[in-house]
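Below are the structure tokens for one structure; questions will follow.
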Amino acid sequence: MGAINGSEFLRRINQMDTEIWLDGERIKMPISERAAFRGLIQSKASLYDLQVQPELLDEMTFESPTTKERVGMSYLQPRTKDDLAKRRKMIERWARQSYGLLGRSPDYLNTVIMSFACSTALMEGKENCFPTHIQSLYERARDNDLSFTHTFITPQVNRSQAYFETGDEPIAARIVGQTKDGLIIKGARLLATQGGLTDEVLVFSSPSLFCEPEEAFAFSIPSDTKGLRFICRESFVGGDSSFNHPLSSRFEEIDSIVVFDNVLVPWECVLFHQNTEVAMNFFTSSAFHPFTIHQVITRQIVKTEFMLGVAENLVQTIHVGEYLHIQEKIAEIIISLETMKALLDKSELDATLDASGYMRPSIIPLQVASNIYPKVNPRFSEIIQLIGASGMVTLPTERDFQSAIAPDLAHYLQAATKPAEERVRIFRLAWDLTMSAFGARQTQYERYFFGDPVRSAGHLYRSYAKDTGMGMVDSALSLAKRK
Amino acid sequence: MGAINGSEFLRRINQMDTEIWLDGERIKMPISERAAFRGLIQSKASLYDLQVQPELLDEMTFESPTTKERVGMSYLQPRTKDDLAKRRKMIERWARQSYGLLGRSPDYLNTVIMSFACSTALMEGKENCFPTHIQSLYERARDNDLSFTHTFITPQVNRSQAYFETGDEPIAARIVGQTKDGLIIKGARLLATQGGLTDEVLVFSSPSLFCEPEEAFAFSIPSDTKGLRFICRESFVGGDSSFNHPLSSRFEEIDSIVVFDNVLVPWECVLFHQNTEVAMNFFTSSAFHPFTIHQVITRQIVKTEFMLGVAENLVQTIHVGEYLHIQEKIAEIIISLETMKALLDKSELDATLDASGYMRPSIIPLQVASNIYPKVNPRFSEIIQLIGASGMVTLPTERDFQSAIAPDLAHYLQAATKPAEERVRIFRLAWDLTMSAFGARQTQYERYFFGDPVRSAGHLYRSYAKDTGMGMVDSALSLAKRK
Amino acid sequence: MGAINGSEFLRRINQMDTEIWLDGERIKMPISERAAFRGLIQSKASLYDLQVQPELLDEMTFESPTTKERVGMSYLQPRTKDDLAKRRKMIERWARQSYGLLGRSPDYLNTVIMSFACSTALMEGKENCFPTHIQSLYERARDNDLSFTHTFITPQVNRSQAYFETGDEPIAARIVGQTKDGLIIKGARLLATQGGLTDEVLVFSSPSLFCEPEEAFAFSIPSDTKGLRFICRESFVGGDSSFNHPLSSRFEEIDSIVVFDNVLVPWECVLFHQNTEVAMNFFTSSAFHPFTIHQVITRQIVKTEFMLGVAENLVQTIHVGEYLHIQEKIAEIIISLETMKALLDKSELDATLDASGYMRPSIIPLQVASNIYPKVNPRFSEIIQLIGASGMVTLPTERDFQSAIAPDLAHYLQAATKPAEERVRIFRLAWDLTMSAFGARQTQYERYFFGDPVRSAGHLYRSYAKDTGMGMVDSALSLAKRK
Amino acid sequence: MGAINGSEFLRRINQMDTEIWLDGERIKMPISERAAFRGLIQSKASLYDLQVQPELLDEMTFESPTTKERVGMSYLQPRTKDDLAKRRKMIERWARQSYGLLGRSPDYLNTVIMSFACSTALMEGKENCFPTHIQSLYERARDNDLSFTHTFITPQVNRSQAYFETGDEPIAARIVGQTKDGLIIKGARLLATQGGLTDEVLVFSSPSLFCEPEEAFAFSIPSDTKGLRFICRESFVGGDSSFNHPLSSRFEEIDSIVVFDNVLVPWECVLFHQNTEVAMNFFTSSAFHPFTIHQVITRQIVKTEFMLGVAENLVQTIHVGEYLHIQEKIAEIIISLETMKALLDKSELDATLDASGYMRPSIIPLQVASNIYPKVNPRFSEIIQLIGASGMVTLPTERDFQSAIAPDLAHYLQAATKPAEERVRIFRLAWDLTMSAFGARQTQYERYFFGDPVRSAGHLYRSYAKDTGMGMVDSALSLAKRK
């Protein structure tokens, strides 16, 4: 099969009988026709169409070593710096197609699966670990161009440091039994973006200090597995009109809670189970972080370019580029954009081969970028609101422009350099990006993409080698020795 | 008539035949039944009901000097510091009823009208000025408890410093003619909150450097005056459910563009016209700023208390009060709240009688507060999002809690100290306040309530007496004179 | 004796034989002639001279209830709001004389002693407590116009949360014995500003969670008590020239480490000892915080006025007042200044009588002010540096202006509105305030005046009543109850 | 001659008879013995010694194409990316030797001179331009290892936008005549760091909008040219003791005003004169910015490493690494450091050959870095002060540790992990870096190194290509076209 096109994606996704709940109702198939999902599914289909365009085939795909078919480039296991650049270009092209707004474009989880397969060595010979299952999951995913969501955040009952779950009924998903056929999982996970809208769902434990064996596992199962239930939040699609809601009508990636109602996970789907040490170490030692953050930063750079474009378009529309404080605000975006680009380049420049022979981007620049972006993205949004100012509030709709009052709007809302309708379009775009429910969720999403920012900073502090500076201080102090 | 109750308000507002457009359609009466307006109109009705509750009558009303009926306290022209306190308490009670979320609760424009009437002396003997019209507008408004919107922002065609409108057809509303019956107005104004939903609309020129005589005027006319047209933006009412959208379902104050299609303004409604000097000076010299900002800061303090309550409720719900960085964030809100309260108190403490014998709150503390709030309000919103974190994203709906999956939700979304439904309620409240389209508009509204923050700071700099410090520096330098 | 003048102060301070060490040498008397202390002692003398000026006597002093002589107003135990205002005015006048730069002007510790005397009731009947000693200390201080320093910071060996001192030899000062004559104290305290330059030193324990009985005490002893040793830091007096160092030559308050080398504290000097409960509670329950912070905020307001004056003087000197970003920076100082003033006023407005009949300023506004000032003071300093820009760096000296190159300086350094020498004077003042070792220490001093800012915020969070907001949220949620 | 060692540098600098004024006196030779200059000159001598160490000769020097002697690597005109890396390594090694604290280490102006020589083509055939003089200046400097200062800031009489100098006597240095021997220059320049302490001084006009022909010139003359006068500011050398003032005793680069008292500039020293177009364009088009900023950023990275080392050393000394807010502060430094490093690497990665065949680092990443550093450097200083807290204030001196009270200090000032003397050393280092007059000047120096930050941001805004983002917005809007 190899890399699929949009129609194949649509066919496959509509064929499944996944249990998805939205606003108190179970969704009826085909999901691609449901208002809450339609725009997103079309956008994803267009990504798949893009990858099989003949003129892009070399850029977007590579030859599968097993099937010899062309498969998606985001599945490429890089062995050279050139491979890293290939991956980046593919990721960038998909991001550009969706303005960086799809946090869960398929290449994200393709990369996760690929990174797991690079690190099977870490599981060799460990108790309850199935490195061969990882390899076969990877090959199955790559050669069939499967799409995934994943879920690792446990319910937020109590965020106090001293909290342990004590009830009889599990809340966080855990192993409650096992049979000859597989593990039995019961409980919930808090957050799966695009939950129910992908072929499979990858479930794993995030590293935590106090993890019980029953919470330590990883597996991937089809979204329509019996007992698996996706409970969506309210949809933030503002409506069908791409004039009114140019972004939410196309890029709203709904989030869902995932419930495991005694789900049977077949053994062949299990990557490991009941091994707390592996649950702790696999994510910190494997290729997961370098490859995944490399994908994320690439996308976030494209999103930053887009936000810069929106900000500058507002500036030109209402002619405010002459003000120093406006120049400073746009310069702020430029500075963050170039910083992110430089850090991404440096991660490739300083890439090194790992023990398994894969070329890992250097983690420090990526970690730094992942400390920066959650802080600057909300600021970009604020800058756009500060430039648009009171003009962001009273925006007419598509139907207004088709009604009897259209001439009023055409006359009174004209901009310095643009007719009224174009001006309203760019302001609606800015509004949908930063002030609609969709836009606000985008901001929150980027703010927490890499977890709690306070902890990220602490992690960076602890993992950073400070010898160079400490050495200079020693030298300064020894010169300063009392004579 | 005097102070009205909710039913009288509803009856009057439904009786009018105002031209309101929403999403390409002209609104059919009665407007109180239209989804986009229903919640707001009910909320306003409840304010009117409150003021005539017998036990609150003394607090909420005073005796009209002309009709001897009880009339709304926000119409009181203060002559003592005690009067200022009475006004503040009334304003605060209404604000508390609506959590400070109604920027255009009736007391706001009541205060504006009242402040104009305090300063008629400034118009005495000036060309094209009708101080008696102001007085009669004030008495009519007070004794009939009229409600108002106002509009003063001109279309934002070009915000460059060097821009002048040059076309044949006016864009910004201006006087295009006058007859024995009144002035003829043509053009638009950008923004009227609750436009079309009030008895009258007060139209005046904001002070600007380059104002032509035809743009220099002030008048108040009924909302259903012929040729007057309100074009609403998209409604941000998320839906009827007060569970899902606890705030937008009740407090969404729609904004509108106001079009004057050769509107005849009868002479008795005209306050002044074609006098650019008065247009420049009335707002800076009249009682407008001290009384109006006094009302606004009172409301913003209540809103801050509410936002503090929401933040603290989140903290308690997910038990994060032990973290220093959480404590710092809440302390930030407390510091701003107490600062605003101290500045309001100081404005009353330092109040002085003006030349007409009215007790004006001191303007400097109010000006300072109006420089602070637009910066801290968006930060409150950010703090709430930072505390709620990823928990702000995946929130089920009222119908989810009524469906077959209710038991899942009840179990998996329970909080440390609360059942799931209560936890979801408080998170939905926090979301609606800060992340819905309604919430984002609230933030933008407060950010620009007092105009461009950069210019506000410049205004404060220029108007502030710096002698005390300059004197100390002179003394320090003279001591430092070379011997 | 009563309120003293400058000469009496000088005479007394030079008479003592206090053990003071500076740069490896024991200071020889008279200390008022030593370069490191001369400017400060003169400045303090001028404060004492001020208080006995006949025309200020009413403002600066009151009649001692015991001696009937005029005594310093900072010793007044306030029983009315008017008394609070009297205290404030006296404090303000002294602060104005020293531009708010003397953190330890005598009124500071006078206020501390006075506040202790207001709260003797809290010690009545408690073990090892001597409320009468407090009263007699207060009367002695007031009626003889004694000056004090105090010291409460223990050595900073290890700031980890889990640290306890374990060595044999005490590091932090503690009770190592007691005789019929008094307590024996051994160990050190980290920081006493003006240590050795006052009549007495007040020593007490700051509240801490894990305090041993031997560390729980309070007493006041003469600075020249045997075994008491003050080890000064390097002096930051830049030189004698008030042209070159207009501030450090007059206001440098040297800091010192205090060593107790088996000091005998006579029983009549002991306020309490070996009572950890009192050590914990006296400072939180007594009048200490409200009266002391009231003094501090009054001084910090004057200092802010001075810094505003310096900033505005720079602006006028180099003509940059037309720039929006300069206006914003000065407005920032104005906003902080007015905020502090409003909070101080509110603390008096909301003052209440305590159980002993003393009028305490409301603590919340003071606590808020004490959370604000440590953050804004360093920003004022930064703003002054940003306005002065590269002009802060190359500043000639007094002797340059007296030398052969004076004409060059006069010509090339002239400012828009001022001759070169005046321009250099104001820049040197700005430099000494913010960029000399003296200025940098001033900034650090204000930053830490109220202790660790992170903990101050936590303390405010915990002590603040949040009911009003929580109540509104409850109301909002109950309205939002599912129908 | 080629690359010199320290003794040759000392000999040459002491031989000159430069007119230097300090505190009203003309400095007597040899300058290397004067307290204000001694430390700096020794530090520079040690840099020269380093470059001729046999084992570093390859790294620090290259073969002069004219003399075939080894000459300093900072004079290398790069033609490949590898050349850029060689330059960077040399610059880095010198910076490391001086902890990045010497803003005017010789490689800075060597680079400037080298960059001019790369761009002589821009002067070919232009009026009053002498490209061959640039080439010979470059060769002379390189082959004799000359050291330079430069000066381009005009006196700050009035910074208002509308200011023009009108007096008869020039204030800003200008051409007042010309003879067969050369130009006559009269007037002043504001700021030359190390003015008078180098072989020559390079004088040129910075680009400005309103430049008269008489102000448009560039030349380099020996520091002891007749009529040339350097007026130093007060020295910030705290004293000789490297214990007390570990940095100012070695790295204080004094600043001076430069006066031209009818100085004759021989024609062979003139690079161009009276050509305002060249004055405007040479700096923006030549290799000046890319090569110079490349040097500066390399040094600032080393300085950042050093400041990180100081901060971390404080953290370890007083054991506060466990606190989240401390971790966040250090992480802030790390993030800035890695950002600067990534931008520097990217400037080399994206380097391109210019029209003259020289390999220029890409300017955008360098421009971004030069917008970042002036903001983060003062924050590093603040972070160090926040970590040191009250411990930064009361620091004993070298002589204290040699006196009778040494045992007290040894006992009471011991740190968790270090003896008292070491703890005091590291705190004094932190103090000298951030709180001494030397440290405060360092901060101001970095803040203004690249000129007014507000204008830098504006420049970045205007020069940055925004097409990528604008293109995405166009695409988003065209998809959003009304159907």
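Labels for the chains are A, B, C and D, by order of writing; each one numbers its residues from 1.
Assume a contact is a pair of C-beta atoms (placed from the backbone, for glycine too) under 8 Å apart; a residue touches a chain by one contact, two chains touch by 3 or more.
Quantities reported herein were computed from a predicted structural model and do not represent experimental measurements.
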Most distant chain from subunit C, judged by the mean position of its C-alpha atoms: A
Winner on C-beta contact pairs when A-C is weighed against A-D: A-D
Interchain centroid distance [CA atoms averaged], subunit A/subunit B, Å: 40
Distance between chain centroids, defined by C-alpha means - subunit A, subunit C (Å): 53
Between subunit D and subunit A, distance of the C-alpha-averaged centres to the nearest whole Å: 43
Residue list for subunit C, restricted to those that touch at least two other chains: 324-325, 398, 401-402, 454
Footprint of subunit A on subunit D - complex, ascending: 96, 99, 242-243, 246-247, 250, 302, 305-310, 312-313, 321, 324, 327-328, 330-332, 334-335, 338-339, 341-343, 345-346, 349, 364-365, 368, 371-372, 398, 401-402, 421-422, 425-426, 428-429, 454, 457-458, 460-462, 464, 466, 468-473, 476-477, 479-482
Interfacial residue positions of subunit C with respect to subunit A in the complex: 324-325
Subunit C residues touching subunit D - in the complex, by the definition given at the top: 21, 23-25, 153, 155-161, 163, 169, 171, 187-188, 190-191, 229, 231, 233-234, 238, 244, 255-257, 259, 261, 318-320, 322, 325, 378, 382, 385-386, 389-405, 408-409, 411-416, 434-437, 439-441, 443-445, 447-448, 452, 454
